[in-house]
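What follows is a set of structures for review.
Two complexes are shown next, each including chain A; its partner changes from chain B in the first to chain C in the second.
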Partner chain A sequence: MHIPDAFIPLPQAAVYWIIALIFIALSLRWARNEMRDEKVPLVAVLAAGIFAIQAVNVPIPWGTSGHMAGAALAAIVLGSPFAAVFVLTLVLIVQGVIFGDGGITVMGANIINMGVVAGFVGYYSFQGLNAAIKNPYPAAFIAGWLSLFVAALVTAVEMAVAGTFPLELGLISMGLYHAVIGVIEGGITAVALYLIYTARPDLLPQPRGVSG
Partner chain B sequence: MDTKNLLYFGVIIALVIAVAAPFIASSNPDGLESAFFGIFGAKEIQGSELDEDAAGAAEEQVQEITGNTFSFASPFPDYGIEGLEKAGEALAIVIGTLLVLAVALGLGRVLSRSE
Partner chain C sequence: MIEDLFFIEKQTYRKSIIHDLDSRVKIVLCFAAIVAMVAIPYSPLVFPVASAFIIFFLVLWALSRLSPVVYAKRLVTILPFGLFIILVQVFVQNPYYTVFTPIADLPLGLHIYQESVQFATILLLKFLVCISFIILLSSTTRVQDLLEGAGRLGLPAEFTLTLGMMIRYIFVFGYMYRKINESLATRYFRPFDSHLSYRYRLRTMAYTIGTLFIRSYEQGERTYMAMLCRGYGRESHLYIRKKPVLLRDYAFLAAGLLVVIFTPVLAWLSPSGLI
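Moving on to the complex of A and B:
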């Protein structure tokens, strides 16, 4: 879902950068206030793991492939959508600057889609679903799926505003491919969460309002 | 599992994925590229044949639409190292994984301390 430079006119790309910078500033505030010393290695390992897993493009039908974004996982494990913005911003900067994956002028848009949109959708849908069904793993699967699907639709809208894709065909094709790629996102999010919670049950989200 | 072991385990998993990635990853266009090629007539939305000439033309066409001709020479484009094929890709992704780990650790240390 990494947008290359040519897909968005520069003035629009600048607007996305400004919006992204606001969220990056908020994610840095999260890091200063909420990221304790002992949490730093967990954040770093999640970022490294998400970078690596993003290199694994899984084939889907229609001569297409897709990979996990990881924002839902980061937000759920670290307990904040701003954690996902923090982690995905680092990953996207390294991908864009060192590996030419995703454009430079359009990096703000990529941070919005894969960090902000996927992070917020993943985090809040997980919170709601986990409260409703009281089982974090199916909740994580659906939250992962939804995070990628909604991010893809937002990308399609940006492409329509850019004049690159017609709106309807963009939404249909992006929606079709990412409905399938979302299964990969949801599956890995649920499995990774299971592995992390099995190794460290204390990281499980505690119900709100209960002091322990 | 204590924190230290969990994190070492996590780094090892990330590195195993990084080394394996070029050998197991699909080189098909990703969802956005595939939508782009479909919309610009280089493939069918639900087809799997990509017309390479039309794909190249589409990339020039989109630059004319947006006027964004910015280009940037990254050190390891497409996760590759020149002349090293798959092994170079594995090495590039390992370097990227370790770089993300180091930057996140460094930045995290600075930010978590700045109270």
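Moving on to the complex of A and C:
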């Protein structure tokens, strides 16, 4: 889902950068107010962990493989969608500059897709579903799946606006592929959340949704 | 991707004119080349400019004395997603052309268009130039130098500190990732082994990821506590030593920027009617 350089014209890439910078500024404000400024190093180390998590390749039953984006997990565990923006911004800078995964001029668009969209969709769908069904694990599964799926659709729209990929084909191919890959995002988010609830319940910002 | 981290960092410890350049010069030059390449419209003007940029990159790569295998190895890991999009272009129409001439008819009503092939080539060249300069930058500049260079160029203190922390721990988690993989392998667990039930494999991978998450959080807590003990607070920032840019570095930057800025301008002004 990392859009490379040259696939979005410079003026459009600049607009995405401006939007991304607004969210980055808001996430920094979140880090100062909610996490307290001093705790920022903790999130930075966590970002390195998310980076490692993204490297874990997980098989998909239909013969392919995928890896996590981690935005939903970061947002749910840290209790804010801005946590996902903060963490994913750091991850995307390192991926773009050191590994060439995702471009420099399009980094704003990538931050919007994988940090802002995935983080907000993941966090608020988890909140809504958890409140409705009172069980955090199916809620986390759907939130994880949805975060990736919606982010993929937004990526397809951005590419279509850029004129580098047709909208219909983009929505179908990106949508279908990430609907499948999203099973991993959802599954791992749910099981990882279970593990964190079991091993370190104190890390989570709210009591678990199920009793007992 | 994290598996390549140690390979990439190893290349940066070699000795060459490019390795010895101030990291600020390399950052500015590589980013300028990328921005210049992206700024050129999707038109045949890209062909001469991209060709010149590729020659410029090859000269810099030769000066870096890095093996072409290093470049090829890194290119292979980056290419797939971009190549998929480029390949699809051949079969579809895009808004940058008004007339499309089919040059081949395929089953299922698919056509290959002359203009789409040209557009795909333009995209490929732009993409190739951009990732080549990123490969050059990250293969010749240590991660810590990149960070310090970015700090000296004016990256806000909030970012230098957090990025610096993150970068340091990427290496720690790189080792941890390797160890976890070795532990799984010594227990005969392979995520892609279809003899094992899918549910079992997914659960094991999810626990692995969950463990990584908890370990990174706990490492973050330990680091934070250790920093507090050493006087860390709201006003703390990453100390970046002042470093003057040498005359040699200025000369290199000027020459590089000359190529990056004047190549598109010259191509645009050329009488061959490229635009």
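The criterion applied here is as follows: the second predicted complex is superposed on the first by the 182 of 212 C-alpha atoms of A that agree within 3 Å, B and C clash if a C-alpha of one lies under 4 Å from a C-alpha of the other, contacts with A are read in each partner's own complex, and residues count from 1 in each chain.
Convention: a contact is a pair of C-beta atoms (placed from the backbone, for glycine too) under 8 Å apart; a residue touches a chain by one contact, two chains touch by 3 or more.
Everything numeric here is computed off the predicted structure, so don't read it as measured data.
Undergrad: Should A:L21 be classified as contacting the first partner (chain B), the second (chain C), both, or neither?
TA: Neither: A:L21 stays clear of chain B and chain C.
Undergrad: Regarding the shared-chain residue A:V191, is it in contact with chain B (first), chain C (second), both, or neither?
TA: A:V191: touches chain C, not chain B.
Undergrad: A:A131 contacts which: chain B (first), chain C (second), both, neither?
TA: neither
Undergrad: I'd like to know which partner A:V77 touches here: chain B for first, chain C for second, both or neither.
TA: second
Undergrad: Between chain B and chain C, whom does A:Q95 touch in the aligned arrangement: first, second, both, or neither?
TA: A:Q95 sits against chain B and chain C alike.
Undergrad: One more residue to check, A:A52. First (chain B), second (chain C), both or neither?
TA: It touches chain B and chain C both.
Undergrad: Just to be sure I read the superposition right, which of the two partners does A:H2 touch: chain B = first, chain C = second, or both, or neither?
TA: A:H2 sits against chain B and chain C alike.
Undergrad: Kindly classify A:A152 by the partners it touches after superposition: chain B alone (first), chain C alone (second), both, or neither?
TA: first
Undergrad: For A:L167, select first, second, both or neither according to whether it touches chain B, chain C, the two together, or no partner.
TA: neither
Undergrad: Show which residues of chain A both chain B and chain C reach, each in its own complex.
TA: 1-2, 5-7, 9-10, 13, 28, 37-49, 51-53, 55-59, 61, 65, 90, 94-101, 103-105, 163-166, 169, 196, 199-200.
Undergrad: Please output the residues of chain C touching chain A within their complex, sorted ascending.
TA: Its residues touching chain A are 1-5, 8, 31, 34-35, 37-39, 41-42, 74, 77-78, 81-82, 85, 88-89, 92-96, 123, 126-127, 129-131, 134-135, 137-138, 143, 146, 158, 161-170, 172-174, 176-177, 191-192, 198, 201-203, 205-221, 223-224, 227-228, 232-234.
Undergrad: Report the residues of chain B in contact with chain A in the complex, numbered from low to high.
TA: My answer: residues 1, 3, 6-7, 9-11, 13-15, 17-18, 20-22, 24-32, 34-36, 38-39, 43-50, 59, 62-63, 65-79, 92-93, 95-101, 103-105, 107-109, 111-115.
Undergrad: Spell out the residues on chain A that touch chain B in their complex, using ranges where they run on.
TA: Result: residues 1-3, 5-10, 13, 28, 31-32, 35-49, 51-53, 55-59, 61-67, 87, 90-91, 94-101, 103-106, 152, 155-156, 162-166, 169-170, 172-174, 176-178, 181, 196, 199-200 of chain A touch chain B.
Undergrad: How about chain A: which of its residues touch chain C in the complex?
TA: Of all residues in chain A, those touching chain C are 1-2, 4-7, 9-10, 13, 28, 37-59, 61, 65, 68, 73, 77, 90, 93-101, 103-105, 159, 163-166, 169, 184, 187-188, 190-196, 199-200, 203.
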